[in-house]
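Chain nomenclature is as follows: A, B, C, D and E, assigned in order of appearance, with residue numbering initiated at 1 for each chain independently.
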Amino acid sequence: MTKNVASILSYYVGENPGVRTNLARILNHGTLGGTGKMVILPVDQGFEHGPARSFAENDLGYDPAYHFKLAVEAGCNAHAAPLGAIETAVSDYVGDIPLILKLNNHDSLAPDSADPVPSVTGSVKDALRLGCVAVGFTIYPGSAQFKIMYQEIRGIAEEAKQCGLAVVVWSYPRGSGISKQGETAVDVVAYAAHIAAQMGAHIIKVKLPTRHIELEKAQKIYESRNIPLKTVADRVKHIVQSTFDGKRMVIFSGGSKTSEDAFCEDIRGIHRGGGFGSIIGRNSFQRPKEEAVKFLKKVMDIYAGQ
Amino acid sequence: MTKNVASILSYYVGENPGVRTNLARILNHGTLGGTGKMVILPVDQGFEHGPARSFAENDLGYDPAYHFKLAVEAGCNAHAAPLGAIETAVSDYVGDIPLILKLNNHDSLAPDSADPVPSVTGSVKDALRLGCVAVGFTIYPGSAQFKIMYQEIRGIAEEAKQCGLAVVVWSYPRGSGISKQGETAVDVVAYAAHIAAQMGAHIIKVKLPTRHIELEKAQKIYESRNIPLKTVADRVKHIVQSTFDGKRMVIFSGGSKTSEDAFCEDIRGIHRGGGFGSIIGRNSFQRPKEEAVKFLKKVMDIYAGQ
Amino acid sequence: MTKNVASILSYYVGENPGVRTNLARILNHGTLGGTGKMVILPVDQGFEHGPARSFAENDLGYDPAYHFKLAVEAGCNAHAAPLGAIETAVSDYVGDIPLILKLNNHDSLAPDSADPVPSVTGSVKDALRLGCVAVGFTIYPGSAQFKIMYQEIRGIAEEAKQCGLAVVVWSYPRGSGISKQGETAVDVVAYAAHIAAQMGAHIIKVKLPTRHIELEKAQKIYESRNIPLKTVADRVKHIVQSTFDGKRMVIFSGGSKTSEDAFCEDIRGIHRGGGFGSIIGRNSFQRPKEEAVKFLKKVMDIYAGQ
Amino acid sequence: MTKNVASILSYYVGENPGVRTNLARILNHGTLGGTGKMVILPVDQGFEHGPARSFAENDLGYDPAYHFKLAVEAGCNAHAAPLGAIETAVSDYVGDIPLILKLNNHDSLAPDSADPVPSVTGSVKDALRLGCVAVGFTIYPGSAQFKIMYQEIRGIAEEAKQCGLAVVVWSYPRGSGISKQGETAVDVVAYAAHIAAQMGAHIIKVKLPTRHIELEKAQKIYESRNIPLKTVADRVKHIVQSTFDGKRMVIFSGGSKTSEDAFCEDIRGIHRGGGFGSIIGRNSFQRPKEEAVKFLKKVMDIYAGQ
Amino acid sequence: MTKNVASILSYYVGENPGVRTNLARILNHGTLGGTGKMVILPVDQGFEHGPARSFAENDLGYDPAYHFKLAVEAGCNAHAAPLGAIETAVSDYVGDIPLILKLNNHDSLAPDSADPVPSVTGSVKDALRLGCVAVGFTIYPGSAQFKIMYQEIRGIAEEAKQCGLAVVVWSYPRGSGISKQGETAVDVVAYAAHIAAQMGAHIIKVKLPTRHIELEKAQKIYESRNIPLKTVADRVKHIVQSTFDGKRMVIFSGGSKTSEDAFCEDIRGIHRGGGFGSIIGRNSFQRPKEEAVKFLKKVMDIYAGQ
């Protein structure tokens, strides 16, 4: 175990050794293994946005085995996907990459709702039977249906921990409680990350926040305390603080879409701000594989830097 | 085991041997046994549309035993029906044809709802006690009640798999999230098929899609990628792709009603597009038996061709 | 369903359709499919006598896949084996032959005991997960440990039937209650078969009985009623009578070892006496495969005769 | 055990010795140990109001370990926090301070609701695994969602008591049943405290009530009986009466914000009124630590006085 | 996944992907990772023979952390130990080496028994909570207490497999059914290995057999078939055959004690005979660490050779 990994795991000593073993498996795997940083390949977009919107750009992606292959070749720390994809593809890759079974999902065929709520689509027992290291779950803080989601993840997290599985929470502010712009507002993202941490998540995934501040009551304190929010690094630092001062790992999705350079600049910001890594889906699997691997390696190089 | 069957089963190696045995039973049975293609006789129309609308055309159909006889004589791969019909008729046909117990159903007496949800009407234990090889379940992607249905099938599928039963999902887009025309739009059907696959279905049943594209966001990618959708075969190919690139079996209901020739042309399209077969209800059991058998054999001949 | 099979299944109408489906699967499979007769290949000798004594004669038999292949090629109705063998070999043969999971086993390393008792080595859930049609279980009527075995099979049979699995009982008189010669005495075998039937077995397997009568109290009635016991057919007829007058299927192991002709003469006797078939282990799998197939086909030809 | 503690525990003799042991642990710990009074440090504000609003004022508070340290140094009787905070920080403080696991929480991202309901975010099993002495739970008497909350705490309290854990209920009147002013009205607070006592709470936490009387029907009796409500001590006495005449411990949050002196005057009022102590969150952890410790010690000195 | 590992895992395709993942973890770890061979460090000798007899030779071994360190430094594939040792030492090594939780143990304080039976000392849930990849269990074929042990491992194995854990069985012939010399007789060891395989073990551990043949009935067949037993490789080959013709991994303990060279010659024999590796306890941890590492590396070099 490297110093970096040992130091991170020391924050999880309240969890049983099984949970810590599975966190270690993620932290020790792939190109970034041992650095304390991680890049995860998630592929639930087919469920979330439909197959064509997700995979037509690079139609190898229709086959879930492709994503296993991509994650392995690129040296990702883990691959996250819903039940069916893992059931279909896992057998040829057993032991090749840590797996996160995404236990709830939402689709875009469902009528638009101001207050969305995903469906539970798998179980902790499924995760064990499929050899996964963690379960994944999405919550939408800001949705009026918060209680349903919070209590679903609570039950799942409790069972997962008993079985030594790690818990990864996608915390995506969304719902009638906040504006569209508010979904990525720095105060809202910080709050959403904190909620996930309080609910016992081991790894928290949020969107890279903007400088916007959504909540009036929060505005005051940000101003009075002069909390720096100008750069990506500033904002990431605040998110990291908000997840128990960095004692729970927070990783980021998103990043500038204007160019690869701008995207990498964002990654550098995450790194500087003390973020634990990235979860990069469409931006990787929609490119031709070679290009995707190159792109992911570039991102990893940034995280591997001091 | 033929090469075709072995090749299909290799995609299910993430499932236990019991599930694979029951998939093999369907694939090895009847006229198409061993070809890797299937024709299934489903009779839940009595529940869905009422007995007279379903069976008055050919009143032998009021007796569930008739459908067993028809499915056996025609050499179907399996027969699907709700609990009561199977309980009533199975005893004279034990072992004669693989059975799929339809575990939820919807009726037309219920007040019209923009967002329908079927009722669970049977259990995995029922399926075992009745000697079935699989359970069947309908979901309506596009209904606001998606969460109820998705979580019901999730629990049923988990239990079914533990017991070695296969899981067949009827994925029928329907609800306030989509237009009437959208129910058979190719993008929507592809999406609905993908959702079923992600939820762990082993066999997915959808309606034969039209060329219509429902979702604006999807429209763009279909156009920009120039995805061929002109012929039935084109569209079927896209649906097959959308179910893990053909690693989960997708079968089709529906087909042209203008003439038998047009219908058969559609079947040829399904075959050319790589579809795994058809599920043909009213179009068969509402004809006189001899005619129905002849008709089904004709369909099977198409699927049996190279 | 043939008349013969329908007639046999009519005796099991008190059982659920799942149990009858699985009995039908055995009765409809292989060379004797539909005749109402069966030949089963059991391979638990490795566990019972050790691997070398079982498989050195034809060392392909060390591999459990060999027995699947042999049973399939010979057209046996079913293959019976312990957990490990089925777990290891089933995947390449899913759906190719009905399987009976032997749920208890005894080994010869255990110290000699006047009153033996096998160990439970598998579960009904294992049988479902592995795609088996039945569970198998050995009882030793005559052993002082009878209560343990009887109650084990009772619980297993109850659970198996709820899951639609058939129950096959190996009823082998053995223990301090009877002499060595008594183990195959016709009165004792009849009694043992009857006990198995009373415990809810669907198929009962006994050794081919000798003319010896073991029990003094039974002796009287056999004499006074002048029950014919001279020929194999006579004795088989008596055993068949003892299993509810033929309403539960009884099959036989053993047979003359002096020559193949003598063995076949015994088979003819079983057939004439109304026995439902044979279970032939070492006598088949210890021969070279071609020879074994030929031998089993010869036996099946006898059973197939009118 | 001091006389004071023995006297208090005598009121809990209907509970099992495990519950009483854990109450004793709270009563015997810290600066006020043995006095029968308590000061508790609760930190769930991050969940309730967001991390920046809670911790930016004194940003050491982002780290849950800080609150453990503060509670220990200040000699608090117990520390209360949600799941994630305790999981993260407990390991360095095992045995150092009695812990109350807050089992439900509410956040401010959720859309405003006239009738709020928190989410259950932890379990009794979590409390056991983390070494807590009690579970905490918030109810909102006055919310239309009362039934959900009351039944959740009922189930949790039942399970907690079976495990020997104490039950602390935060009883906060809130919802469409009462006015904003009514939330701290003395009749409403008394009523809310009584409901908590009736539901089996061992320790009840309410806000320090105002002189306002909310309920018309209550008004009459307060007037006709001339119940003294003028001073803090008067009102506290009434709340204490309302919790079974002092046989269940009631503690108070809030207090004057005009100055520390005014705040201490309120504490003196609580003490004179027979209140069992205070639960002081933001007012302590948002100050610099030294100052906070000094402040808490001051409060404790008051409670320690005769 | 290397070809060797993929080829071995193909034999376990009847098991769920979780089990296969954990087998892959063992096969892919350490110096021999990917070769299809393994060397495991087991330390249950303290329980079996007492601490001084086990650890006084090299008293660092009193500390269970020492064995983790040794296994990691030597590049073993896995470390096996009883509950307490793993609970005590695992935290500093989470993720550093695959762990096998030994679920039963026997001690030498118990009165000598002709028919020993170990005690179950841990659970499948313990294995999950501690992050283990497998459970280990000892059976004593030949003991009159066989039924207790066989049924214990059966239940444990069923639960372990459902949870995706691999099952390792130590099969040690011992008891009144066999002589002292018989415990390592080649026929008995082959038989014991076969029993473990039939009970569903994924990895089987036996002692390196001698040329002695114990069972009279077996003697005949060894002679008549002229089974080669002269060299270690011959005998290992026979054991490998007896575990489903090499479809279940068998590993060996023991080896010549006359010299390190003689020991290595035995390892070469195991390798030539197709054995899957060694489990080396006292012979490694009773040496000074550096020497032990060197010694284990030497053994691994042999297995790594073609």
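Here is the rule we go by: a residue touches a chain if its C-beta (ideal position, glycine included) is under 8 Å from a C-beta of that chain, and two chains touch if they have at least 3 such contacts.
It should be emphasised that the depicted structure is a prediction, and the values quoted were computed from it without experimental measurement.
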Co-neighbours of subunit E and subunit C - touch as defined: B
Steps needed, at minimum, to go from subunit B to subunit D via contacts: 2
Equivalent-chain rotation between subunit D and subunit A, CA atoms, steps of 5 degrees: 70
Comparison of A-E and B-E (more C-beta pairs in contact): A-E
Maximum centroid distance from subunit D, chain identifier (CA atoms): C
Same-site or different-site touching of subunit A by its copy subunit B, using the half cut: different
Subunit C and subunit D, separation of their C-alpha mean positions in angstrom: 70
Centroid spacing, where centroids are CA-atom means, of subunit D and subunit E in whole angstrom: 56
Euclidean distance of C-alpha centroids - subunit A vs subunit B, Å: 35
Rounded Å distance, subunit A centre to subunit E centre (Cα mean): 40
Sites on subunit A at which at least two other chains make contact: 13, 90-91, 125, 130
Touch-based graph of the chains, sorted into line, ring, star, complete or other: other
Pairs of chains in contact (touch as defined earlier), listed by label: A-B, A-D, A-E, B-C, B-E, C-E
In the complex with subunit E, residue positions of subunit B that touch it: 13-14, 16-17
Subunit A residues touching subunit D - in the complex, by the definition given at the top: 11, 13-15, 115, 141-144, 146-147, 150-151, 154, 158, 173, 175-178, 187-188, 190-192, 194-195, 197-201, 215, 217-218, 221-222, 225, 227, 238, 241-242, 244-245, 247-248
In the complex with subunit A, residue positions of subunit E that touch it: 1, 5, 9, 13, 16-25, 27-28, 87, 90-96, 125, 128-132, 162-164
Subunit C residues within the subunit E interface of the complex: 44, 46-47, 49-53, 55-57, 59, 62-65, 82-91, 105, 107-113, 117-123, 125-126, 130
